[in-house]
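In the two assemblies presented below, chain A is common to both, partnered first by chain B and then by chain C.
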Partner chain A sequence: MDIILQIIVSGLLIGFVYSLIAIGLTLIYGVMDIVNFAHGAFLMLGMFTAYWLNQLFNFDPLLSLPISIIAIYLLGWLSYKFVVNKVLNAPPVAQIFVTFGLMVFLENLALFLWSPDFRIIKDTFVSGDFNIGEIMFNIPKLIAALGSVLITGAIFWFMSKTRTGRALKATAINRDAAKLMGINTDKMFALAWGIGGGAVGAAGALLTNFYYIFPTVGATFNLLAFVTVALGGFGSIQGALVAGLLIGIIENLAGVFIGPAFKYAVVFAIFILVIVIRPNGLMGGK
Partner chain B sequence: MNKKLIFLIVAVLILFFLPLIYKASFFIHVLILIFMFAMASQAWDLVGGYTGQISFGNAIFFGIGAYTSTLLYMHWSVTPWIGMLVGGVVAVIVALIVGYPAFKLKGHYFLLATIGIGEIIRTLFLNWPAVGGAQGIFIPFEKESFWNFQFHSSKLPYYYIILTLFILTFLVSYFVEKSKLGFYFKAIREDEDAAKAMGIHTQKFKFVAFAISAFLTAITGTFYAQYLMYIDPNSVMPFMLSTQIVLVAILGGMGYLFGPLLGSLVLIPLSELTRVLLGSSGSGFHLVIYGLLIMLISMYKPAGLAGWIQEWNFNKKKAAGGEVDGTTINS
Partner chain C sequence: MRRKWLMILLVIVLSFSTALMGCSSTEKAKSGDEGKTTEEVKVIKIGVIYPLTGGMASAGQDQKVGVEMAAKIVNGSYDLDIPLAKTEGLPNFGGAKVELVFADTQGDPKIGLGEAERLIEEEGVVALIGSYASSNTAATSQAAERLGVPFFNAESTQHGLTERGFQWFFRSIPHDFGFTQNLFRFYDELEEKKGIKVQKIGSAYENTQFGQGSNEAQKHFVKESNREMVVDIAYTANSTDVTSEVIKIKEAKPDVLMMASYVNDAILFQQTLKQQNYMPAAIIGMEAGHVDKDYVGVLGKDATHILTSATWSSKLIESKPIVAKVNEMYKQEYGKALAGYVPHAITGGLVLMDAINRAGSTDPEAIKQALLETDYPGDSLIMPWQGVKFDPETHQNIYGSNLLLQIDEEGEYEVVWPFDVATKELVWPAPSWGER
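Right after this comes the complex of A and B.
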């Protein structure tokens, strides 16, 4: 029984981070129907932002968190302004491949500049474990989960309580109607890319407390984020939140009962099963 | 038409004699890679470019081809030539099984499902001791002969084999494009619901496209295994290989007969040159350029190089006031 509880706790902790990453992805998709294949590369750059701030100025990852959010927000915004902007009316295939090209570009640029080495940030402010009964809590993971919850909450608040957030939602529901109501949709698209980037930048900085940093780190997270988004339903923020937690738990269950090598294979298998049975995902309305 | 045929015959003759004139081993190696990727990409294009089902999992068929022929050879000394055909058949069976869930999905979902299935199969091979697991398999050296599919003294036989295989693949694409099948495929790509409404059994023809694609990709995989004499899951079925196959077709122009070859002619020399110029420190630098090229192509010329050339020809003819065949532009 304890092992099951432990698996659920560990799964939820990493699951909140998965949710945050997926929310960034699904937000962009929801607002403009474009899948950002470079999302994992954004995450990797968020991690490297925290890493280099630590190496150069001895910043703790938690101190780097706001800087990483801003840096990747800007990266997302720039990606929209200079790249994605150009394919808004292009055939769907071009829309798929443009962010795919961006991913290949960013990931390999990082490989070229920083080598494929695995790096780690030493002596972080948060470290170690504590126990409640038989259940062990890893403090860096707990902090990452808490940070993810806070930022997820902030995004929810922004989307439902502010005028700009509601304008963003309106653009997602009906682009043309939103435009007729005087919403500058181009600005909204750029904002969605910014927030999507900011979310994943935050996740990146939080991950550096306990995860290796390397140029291809985004690949696995990218796939998991896609799976999360598809499972939750493309464009559904609530769906991404729930799916992220589910995937965290499934991954841990599979890791313990089937073997660590197979944990992602099991996640993918369940993903395929779910989308075949319910192609719109758990909470997708579209 | 006759002009085209003469052009093609001349091109094939040049390709045949080229490595006899310029004999550098590295040059032949690059030519072999060009035709190998052009072939895998041409096979991919049948399902990705013509039928519009973007698969990011074609590396599994490549891997199945490589593994089937190698295992048959290791355990029962079956010549790789027969193994190649068996590998093709196994790949078709896998394609039908994979297609069953995948073809229920469209667009992004189909693409993600193929990535997921590819990763599942790669994980299985990595952890399957009977097929060598993560360590892979070394193909034992045998006497150099056509029957053994092994040539040690020169790369030339490999070149002529892959050139022939590529030409055969190209002919398959050509006949598909000219036949009713090609029209069915394109109809599915342009508008699946409309195609269905016109009475095309869309599900069946997606399977047909996928099966042909899988068969040809598996054959490329067997060739690769015999050329390198070593296979492991991370070299014959990684996601990166699926990606490369797709990149070649996008750059060259999806759904154009000459697209994959054009893409391969640009990308492969580029990657081999950067490898030579920058050494190991620059490993992967060609992918930085790939990434940029793919972004630029998607932004400005989504029809790829082949589409660009056709557009240019079209405009030239129009400017000259000549007869314009309206059906040739299909962006």
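Right after this comes the complex of A and C.
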């Protein structure tokens, strides 16, 4: 029994991180129907922001968290303004390749600047673990999960309670109608890229408390993020949250009870099953 | 909407499986620092194919540097007791310089295969060297075999690679059956000399050729020695999380956990073991990730007491003069000491270039013949081996051997077995996390 609880706890903790990574992706997709392939590269840059702030100024990742959010927010915003903006009316293939190109560019830039070596931030403020009964909680992962909940909550609040947020939502639902109502959709798109970047920047900084940093780290998380988005429902923030948690738990349960070699196979099998039964994902509305 | 999404997802899956980095970053570099001195110096082109980007880029870049170092030794004139070191270039080609042409497998066998073909067909290289991961080597050497060009491998350990009946494939590093057999000899000696019994074996391995080969060898020797395999775990090297793997190992309580890992997964396992507050009596890595400079670099104290099988040890810098000299040169050039698989790549490059020189011709048959006649002296090697000589059938180096190293408190890899050449006393069992 304890082992099942332990697996669920471990799965939940990593699942929150998957959610936070996926939320930025689903937001951008929901608002403007463009998939940001460079999302993993944004994550990597968020991690490196925390890493270099630690190396140069001895900042703890938690202290770097707001800086990382702002930095990757700006990166997302700039990416939209100078790159994505230009292909808004281009065929979907062009839209795919432009963000794909952005990913290749950012990753290779990182490889060139920082070499492919693995790095880690040592002696972080949060470390270690504690027990409740027989269940072990890893503190860095717990903090990452908490951060993920807070940031997801903040984005959710922003989207439903503020004027700008509702305008963003309106743009997501119907771009043309939103335009007719006087919403500056270009601004909304840029905002979506900014928030999407900020969320994944936060995930990056939180990850550095327990994960190593290297230029191609994005590829490792990218595929899971895409699956999370599709499983949760296209453009649905709650969906991404639930799907991230599900994937974390399924991955761990399958790893222990079916065999580690099959854990991703099980995740993908369930993903396909959901897509067959509910083509729009768990919480997809559109 | 749904169709578009599925189309996009398809693109993602395809692009991630075939092109992790999207572009094939190939670069050409002229080795040696001579530049264009004389009018038309004939060059001998060698193809160097490693995972230069992607998850294994760290290791692949090291290998690339190793082969560059070998070319430097051959192309320049150095007072080293190494064949071709004293003369500039290849004497049998009138002093022609070696030119390296680099290609990137991106860690993906399919891309490696295409790149290897390109090197041979378009770049016209006379031989290939590569490709670190056994799965990559299996593919790139396939291209060489089909096109009839010698392929030299210095660091892939899967035994099957030299059992494919290939005509053009040569390997200097010992393979996993040899590795594993040695480790089981170590268990026997441990019982005889120290009264420590190793009965329950756990195996965790990355699920491509390298890991599978090691696991196969382990199963073979577990059975042969009447031991018991209590847990057997295959995993993906670029996992984001290995908690469930570690929980399974924790439940099975093996005496020894044998791991065949690349560096990112080796680090992730160690961190997760710590998170789960579990440490078996011993963890033994099968070289690869456990000797990567980043392993101790990232883990620091958490890597202490980990054991690893190894074909090279930094202790050789102190004990073997030729290693010290090459290390000095290497440090001057690249600002760091020899480590990981760099010495293997240097050795591979030197042995291959020596064979090409002896062949005295760029004809692949002549080079193959020269490789078969190789009898490289152990004194000139920066490895702890007796020499390099290939089995006429399998083309496996018959003189390769390995040691068992343990990481000490300072993060140094110390030789702990064979007991008679040990530089430090073996620590067994490894202290639990609480006692550290």
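The rule we apply is simple: the second predicted complex is superposed on the first by the 273 of 286 C-alpha atoms of A that agree within 3 Å, B and C clash if a C-alpha of one lies under 4 Å from a C-alpha of the other, contacts with A are read in each partner's own complex, and residues count from 1 in each chain.
As a convention for this text, a residue touches a chain if its C-beta (ideal position, glycine included) is under 8 Å from a C-beta of that chain, and two chains touch if they have at least 3 such contacts.
Keep in mind that this is a model prediction, so the values were computed, not measured.
For the composite obtained by superposing both complexes on chain A, the positions of chain B and chain C are in clash. In the superposition on chain A, A:Leu150 contacts neither chain B nor chain C.
With both complexes placed on chain A, chain A has more residues touched by C than by the other of chain B and chain C. Using the contact criterion defined above for the overlaid structures, shared-chain residue A:Ala90 touches chain B, although it does not reach chain C.
Once chain A of one complex is fitted onto chain A of the other, the partner contacts of A:Ala254 are limited to chain C, with no touch recorded for chain B. Of the two partner chains placed around the shared chain by superposition, neither chain B nor chain C is touched by A:Met181. Legend: residue contacts after superposition of the two complexes on their common chain; A:Leu5 is shown touching neither chain B nor chain C. After overlaying the two complexes on the shared chain, residue contacts for A:Phe210 are found with chain C alone; chain B is out of touch.
In the superposed model, A:Ala265 lies in contact with chain B only, and not with chain C. Within the superposed three-chain model, A:Val276 lies in touch with chain B and out of touch with chain C [touch as defined at top].
Residue contacts after overlaying the shared chain place A:Met103 against chain B and chain C alike.
After superposition on chain A, the chain B segment that clashes with chain C is 21-29; the remaining candidates among 21-29, 39-47, 165-173 or 309-317 show no clashing C-alpha atoms.
Note: residues 35, 92, 96, 100-101, 103-104, 107-108, 111, 219, 223, 226, 230, 234, 259, 261, 264, 275, 279 of chain A belong to the chain B contact set and to the chain C contact set alike, using the contact criterion stated above. Considering their complex, residues 1-2, 4-9, 11-13, 15-16, 20-23, 25, 53-55, 57-58, 60-61, 207, 233-236, 238-245, 247-248, 251, 263-264, 267-268, 271, 275-277, 293-294, 297-300 of chain C touch chain A. Per the touch definition, chain B reaches chain A in the complex via residues 52, 54, 101, 104-105, 107-109, 111-113, 115-117, 119-120, 123-124, 126-127, 239, 243, 247, 250, 254, 282-285, 287-288, 290-300, 302, 331.
The touching residues of chain A, counted against chain C in their complex, run 3, 6-7, 10-11, 14, 18, 33, 35, 37, 92, 96, 100-101, 103-104, 107-108, 111, 115-120, 122, 129, 136, 138, 141, 210, 212, 214-216, 219-224, 226, 230, 234, 248, 251-256, 259-261, 263-264, 275, 279-280, 286. Taken together, the chain A residues at the contact with chain B in this complex read 35, 83, 86-87, 90-98, 100-109, 111-112, 219, 223, 226-227, 230, 234, 259, 261-262, 264-265, 268-269, 271-273, 275-276, 279.
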